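Going in written order, the chains are labelled A, B, C and D, and every chain counts its residues from 1.
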Amino acid sequence: MSREAEPPMAPGVGVARVEHFATVEQQRHAAVLGIWAWLVTELLLFSALFLVALVLRLQHPEAVKAAALHLKFWIGAVNTVVLICSSLTMSMAIAFSRMGWQRAMVRAMLATAALGSLFLVLKGYEYYADYEEHMMPFLALRPYALAETPASRLFVNLYYVATSLHGLHLFTGISILLGMTWMAAKPGFLARHQNWIEVYGLYWHFIDLIWILAFPILYVVNR
Amino acid sequence: MSPHQSALELWPASASAVAVETDYLILAFTVLTLVLTVPVFLGITYFAIRYRDGVEADRDTSGLRSNLIEISWMLIPFLLTLIFFAWGARLFIISKNPPADTMVIEAIGRQWMWKFQHPTGQSEINDLHLPVGQPIKIRIISQDVIHALYLPALRVQMAALPDRYTELWFKADRTGTFRLYCSEYCGSDHSVMDGNLTLMTQSDYQHWLTHSGAQITAVAAGRAIYNAYGCGACHDARAQVKAPKLAGLFGRPVKLADGRTVTADENYLREKILNPNGNRLAEGYKQIMPSFAGVIPADDLGRLIDYLKADTQTADGEATR
Amino acid sequence: MSGTSAIESGFAEREPHIPEPTLDRPIDYLHAQSTLRSWFLATDHKRIAILYLASITAFFIIGAVAAGIVRLALVVPDGAILTNDTYNKAFTIHGVVMVWFFLIPSIPATFGNFLIPLMIGAKDLAFPKLNLTSWYIFMAGALFTMVSVVLGGVDTGWTFYAPLSTAFSNSWVLPALIGVTIVGFSSILTGLNFVVTIHTMRTPGMTWFRLPIFVWAHYATSLIFLLATPVITTALILLILERAFHIGVFDPAYGGDPVLFQHLFWFYSHPAVYIMVLPGMGVISEIVPAFAQKKLFGYRFVAYASIGLASVTFFVWGHHMFVNGQSDLASLAFSALSFAVAVPSAVKVYNWTATIHKGRIRLDTPMLYAMGYIGLFVLGGLTGLYLATLAINQHIHATYFVVAHFHYIMVGGTVLAFLGGLHFWWPKFTGRMYNEAWGRISALFIFIGFNVTFFPQFILGYLGMPRRYGTYPPEFQLLNVLSSAGATILAAGYLFPMVYLLYSLWFGRRAPANPWDAKGLEWETASPPPPHNFLSLPEVPRVPYDYPIQERESGRQHT
Amino acid sequence: MRNPLARLTDEDRARLRQHLRVPVLSFLALLGLLAVNVTLGATLPFAQVWALELAVVAVMVAVILLFSMEIRHEPPLVRLFAGLGFFWVAILVGMTLTDYLGR
């Protein structure tokens, strides 16, 4: 196995074996493989949405363009920066956990959660601005700004589906992260559950990756 | 006029050269299927008996080398079936490339009826009359959900999509009356969205177009509309809902709830269908009928009233399909 | 493994409140604890398997009753027995319940759950709590779907095609859609658990090519769970939003494309056929060698064929859409690729047949089911190629030919494998033997009843009777009556096992650890197994299926 | 518990640098690539700019996978899983496009 290039674990950091595993190594391996299997699933979940976006673009290029120009490009860009920053803090949390610096790790985790929340706040503001500009075609009672190009509502609605599904993942992620931070602040955590941080980090980076895909696919490419 | 069929038939009628070739294709495929499966059936049965527990038998398997056998039974059936891919693809490509001189029929599917329009303007509901010996292209679209036009005698079907035209074409070479169906499940009355395909000679077809066509089918069309809009669910003689029965209604006096008596003429029927909430409720009934204004187009409404009229004239039989 | 300095803590993280069995005090998983709570909060894979078995049996009964209603209605051509709407609801419930609540979880969630850890020599699946969560998610999805049935039913067909399901149907589509979406997550988590378990939890010495084909088949199935299910989750979410908020993506009224839903639907639902079929193949690959007392012929080829099927199946979904308005290019490509499925399928069938050759055959109930399976699967598979042939498809698409074809695969294949496996491992699950004579009789009933029910449907389809017809032209009546008559025989065949298997739970003979002289680690432990499966680490044989009769392979010969 | 930054020993600083080098570098790379894409999206310099934008995205995804998610340190199996996911996306998109581009 090829973990040799990776910085070594500090003494006193590790994983406690759960009874049905034969070795700790097996347990760690299972956790990493498990989260990857889940992430592959998530990738296909979002890819199907991206495929729908692509088909819309092929079938209604003008309408999609009109819709994409109404998206808040700069909020999307700032949000991308926010998530990239959160990825850095998450990577730092993982690094600290390997070094055994528990307090620094907890702070990095809190920073990650804060950045994630900032993303959601900005996203919420974006939705609010969209609402003000009559860009919510799924609201039956509110006239739609681009009503003269009916096909544009498909793309705008898809934008809401994709971003809210991503937002849901982020919200779940933040909740889990906060719960885990609370546990991780307790003494002895790193001796028993260091791999939780690693596994969770993969999930967080992956949410980031999905946004890295969603931002250009929704906001940039169709301009 | 429904297709004559015996109680049990084992092979469907075919009415075009492509249909005949499709039959050959499936027959040949069936031969291949037998070649591939009968040895398996016989093999497992024979082996199970020959080598059953407690029977003396030669069980020395050391002579068997597996890889060659494996590869041969992996590839030989596959290559054999590929012949059928090629054959099927050839027929498919033919069926997708109509010749230049086709006659175009417009087909519109809606819940739950077919409307066909001939190039000369005549239209039919559910039934379709066509000439043989002439390439015919049917251009299909749907007004609501996805349907599919299926003509088994010609071995073709094609979806009726709500957002774009699809088409199928064929050149029939045999006269007769055959079935046509909706083959894509489309809701409540999917299974009654069917009719007859009548293939006739060129001259019969011309005759049909000019003489009987429009007149004969107006009533049949009206009956189809009566069924398609689900009128019978409440107004048939055997319907459970407490609603006036329509058989034999036309031209009779109707006693209204407010005491008046009116004659059930064309205008009365029209008004009742489009605006049942108007104060013309028949005596002894509750106002439960929905309005069909904006739901039923004017031409369909005309056919429907024609049907109700004809229904009275012919008999007082029940208004069912 | 270098660079990690993980410590072994002195105590186990999950304190076991189960008494540990010893040689002189054997405690099996069924009797380790007996409270209701110990069942509903069970993390033992064997108990969860039993939870699944009970639930899918219930759903099988619901689906079978709906099928019975459908067959009853079709005895007369004019729809005199059921109204069209009721008929449509009956076949929709039959389809939805049978596909998502019986066939897909059938073998993986019950036998797979129970047997994979036993077969690879593990104490449990990698994530036991996740396994229990899967069951609860499954039940939650089932609850939603049952709510829609109780409120009045769904009439869209199990395929939920837009825009019928989104804009036109007046039935309870939303709860059914939500239920099916939720159930998808249960599949995903089960698949995830299996993949990780098979990769990481194998006992020392259990290399990949010593794994039983059952495990290979479940590995392939799990890959499909992981790679296909999320796509239909997305499709169904879009469909739900379409119905609830008219977002328009599949609605032609706004410029959406209903065919796109079909693409996303079949990207999952074609591979889902292999979710149903592959585990059955795994079961057959265990039963046939055991009752022939002979090593499985061409083990490696059969193993690879499982992975091959799971991969090829993702390239063929468009053969469901030849006449649905997809491009001719796509139709040609999907048709050609569909024929590739013939290769791994042929590998399986011919290898089972060759395994029976020169074996020492015992025709007990599981073997009868296995032989029935092979015959019916061959017919079902080859008729699938008829449907993949473009010109033939243009005629028999959406006719009873399709219905017959997939019932040969689903019932002739999966259900027979399920019943065969149930009899084969019943002693292991319950510690009791069932009545062999009744077992054989019911197998015969099912085989005959099945063929009488479904073979006429091939003919009906080729004659041109469309599927999902509550009324039909009178010339089809004779064959329909024959089919319905067959269904009564089939129903009897299903009822017998329910009775004698339940009877055996209390009155059956106690089962020994290995009643069939079968090979495989699951037979090395007691029947029923103790809570953590093995009292001591089992020894793994050098070859899988090391039965007395073996072909000479890689220079080894056993006698 | 460990100290705040100011009281770090040299040895700790070295460890910190060793552990954080890759995350910080990939963070900077991601920001740089994002800047490129945002500029392209805001200015639309030429007609087929979407192709270039998607290429930049592909690089960003690769950076996250390889460095942030540390695929390069994982056993081959995990790499295979990640690759499998993207390959399956390619099947989904590619085979669907045979329909949409062929219509």
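We adopt the following convention: a contact is a pair of C-beta atoms (placed from the backbone, for glycine too) under 8 Å apart; a residue touches a chain by one contact, two chains touch by 3 or more.
Because the structure is predicted, anything quoted here is derived from the model rather than measured.
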| item | value |
| --- | --- |
| Best-connected chain pair, where connection means C-beta pairs in contact | B-C |
| Chain B and chain D: spacing of chain centres that average the CA atoms, whole Å | 54 |
| Separation of chain B from chain C, taking each centre as the mean of its C-alpha atoms, in whole Å | 34 |
| Geometric centre distance via CA averages, chain D-chain A, whole Å | 13 |
| Residues of chain C whose C-beta touches two or more other chains | 199, 227, 231, 255-257, 259, 267, 328 |
| Residues within chain B bordering two or more other chains | none |
| Shared interface positions of chain D, touching two or more other chains | 77, 84-85, 88, 92, 96, 100-101 |
| Pairs of chains in contact (touch as defined earlier), listed by label | A-C, A-D, B-C, C-D |
| Of all residues in chain C, those that touch chain D in their complex | 199, 227, 231, 259, 263, 267, 314-315, 317-318, 321, 326-330, 333-334 |
| Chain C-touching residues of chain B, taken from the complex the two chains share | 2-3, 5-12, 18, 21-22, 25-26, 29, 33, 36-37, 40-41, 43-45, 47-48, 51-53, 57-62, 64, 66, 69-70, 73-75, 77-78, 81-82, 84-85, 87-93, 95-96, 111, 144-146, 148, 150, 152-153, 155-159, 161-164, 166, 179, 181-192, 194 |
| Interfacial residue positions of chain C with respect to chain A in the complex | 1-9, 12-14, 16, 122-124, 126-128, 188, 191-193, 195-197, 199-201, 203, 226-231, 233-235, 237-238, 241, 245-249, 254-257, 260, 264, 267, 532 |
| Of chain D, residues touching chain A in the complex | 1-2, 15-16, 18-20, 22-24, 26-27, 30-31, 34, 37-38, 40-42, 44, 50, 53-54, 56-57, 60-61, 64-65, 68-70, 72-75, 77-78, 81-82, 84-86, 88-89, 92-93, 96-97, 100-101 |
| Contact set on chain A toward chain D in their complex | 1-3, 5-7, 29, 32-33, 36-37, 39-40, 43-44, 47-48, 51, 54-55, 58-59, 73, 77, 80-81, 84-85, 87-88, 91-92, 95-96, 98-104, 201-202, 205-206, 208-209, 212-213, 216, 219-223 |
